[in-house]
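In what follows, structures are represented as structure tokens.
One chain, chain A, links the two complexes that follow: it is found with chain B in the first and with chain C in the second.
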Partner chain A sequence: MTETVGIVIVSHSPDVARGTADMVRQMVGEEIPLAWCGGAPGGGLGSSVEAIMAAIEQAWSEKGVAIMVDLGGAETNSEMAIEMLPPERQGRVVVCNAPIVEGAVIAATEASGGASLEEVKRTAEELSPS
Partner chain B sequence: MTRLAEPAARRVLIAAMARAMIGHAEELTALDAAIGDGDHGINMKRGFEAVLADIDAIAAKPLPQALGAVGTTLVMKVGGASGPLYGTLFMQLGKALPESPTLADFAAAAETALTAVKARGKSETGCKTMLDVLAPALAALREGIATPDALFRALPAAALAAADATIPMRAVRGRASFLGERSIGHLDPGARSSALLIGAACAALEEMA
Partner chain C sequence: MSATQKTPAPHAAGTALLTHAVGLHARPSVKLTKLAKQFAARIDLGLSDAGPWIDAKSIVKVMAAKAPQGSTLHFRAEGADAAEAVTALVGLVERDFDEGAGDGGA
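And then the complex of A and B:
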């Protein structure tokens, strides 16, 4: 089975999200499902539940999706987006408590090796202070 | 409260809350600039403008579904953590209320909604958040059920006092917690927006009583 965990990057800033995704692509390559979103609905800094749901769909993998977030609102909106997914998908999407850039790169690296969603999340969260 | 079975009354109630948020957007953003990221007013304005844009369709629904629609709109349109937090509040109120609620129904639904907002924000009272207004307001609502004539004035007063009581608090949750001790001395923007919403709702309900 070649399918890998998908990675979603959610930042308040579209530039940060896009730049983080660029780094993941360059360092890890094209083999993992990857999507990003950033900015409030209608523009400006923030995060959008609708855009997060679309990014989850874009990066969907039967092995699950790991979401990397930057600050509070991105986390809360990501948790909300997960709850609004179809019930059979809810349990296969997690928010990782990790720094967004380092977390995304390490999570993608782990995912590309075929790791499970739990392993991807744990590896990313090893980067967290505390 | 029986008036809330009528679409016109639901429209007045929801529009009053929306106008309060839109009208105080600059104030809320200024409060948030002091201890957060300076977007609370902008975000709440965006969310409630979307509610107003859809108000005819929302008010046409029975009260539980109308409040649910307000919540969903806020979740989708606000763009900050306040979207899911206020969205959860309205969606849970909608789930817990009957179509023509009594004050006791409101108190019971508010308790359910408060628990849900705590879970959504992973927070408790005393952390300098909206919960520091919602929890005392619920207590004031329970106490006021026996004296309904005074309730719609007592409740906003209790909410405003509770919001002011966040000034000396140290933020433990949300963006303001990054500031630690420096969050002390500032009114919490989420506490302020909660007090404003309660004030606007009570004024509308008193008018239609």
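And then the complex of A and C:
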């Protein structure tokens, strides 16, 4: 259980992203690779493909990376960021369809136990009211 | 090869009173689940000795159980490290999840 799935948090708001990351660190712990990004490149609300790619790099784990997003552009930009990754990494990064804060805590809890990327995604998505 | 020798997996069970002021909320659920995952045994959590039983390693199910303060948590485990698992989980609940004063509510 040396390596765990990494978690990336992508919000339109840097405050939401940072706050969500704080909750993960305080509730789950330091053992999971975790990175966050939020805000448009020029300031203000938004998301950026470049920042998401940097966050994926920062939270990279050989077991893969689960991305938690809030709305619209955060999701589409995350998908774009995944497409721009080297081919050998593309299959090991997924966007989870879950509420960003709850999903991040749940995904990190699952990851901390050594779960696979598929298990982490499935557990985070169990939360969704479907 | 020896004939039909079947060693049943060890079972263990235990209970602990949930004293935490707001019950089994987010942070205690995370701690309980993380601890449960450290054991190979299958571990169930129930709010009564008759169940219903939920997987103590499932953070979503443990949180959804919403066990209130004053509940008795029932653990049952099956597997080589079942006894250690139950002892550890009962201990965590009895220590009130190791939350010191001023740790906030969450």
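We take it that the second predicted complex is superposed on the first by the 129 of 130 C-alpha atoms of A that agree within 3 Å, B and C clash if a C-alpha of one lies under 4 Å from a C-alpha of the other, contacts with A are read in each partner's own complex, and residues count from 1 in each chain.
As a working rule, contacts are C-beta pairs under 8 Å (C-beta built on N, C-alpha and C of every residue); 3 or more make two chains touch, one makes a residue touch a chain.
These numbers come from a predicted model, not from an experiment.
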item	value
Partners on chain A (chain B, chain C) - clash or fit	fit
First (chain B), second (chain C), both or neither touched by A:Val49	first
First, second, both or neither for A:Leu85, with chain B first and chain C second	neither
Which superposed partner A:Ser112 touches (first chain B, second chain C, both, neither)	second
Partner chain(s) touched by A:Val28 [first = chain B, second = chain C, both, neither]	second
Partner chain in contact with A:Leu71 - chain B first, chain C second, else both or neither	first
Which superposed partner A:Ala40 touches (first chain B, second chain C, both, neither)	first
Winner by number of chain A residues touched, once chain B and chain C are compared	B
After the two structures are overlaid on chain A, angle v-u-w for chain B, chain A, chain C in degrees (C-alpha centres, nearest 10)	150
Minimum C-alpha separation between chain B and chain C after superposing on chain A, in Å	26
Of all residues in chain B, those that touch chain A in their complex	37, 39, 42-43, 46, 75-85, 87-88, 120-121, 174-175
Complex interface listing, chain C residues touching chain A	26-27, 30, 33-34, 37-38, 57-60, 63, 106
Touching residues (chain side chain A, partner chain B) in the complex	12, 39-42, 44-50, 71-73, 75-77, 79-80, 84
Chain A to chain C touching residues, read off their complex	27-29, 105-106, 109-110, 112-114, 123, 126-127
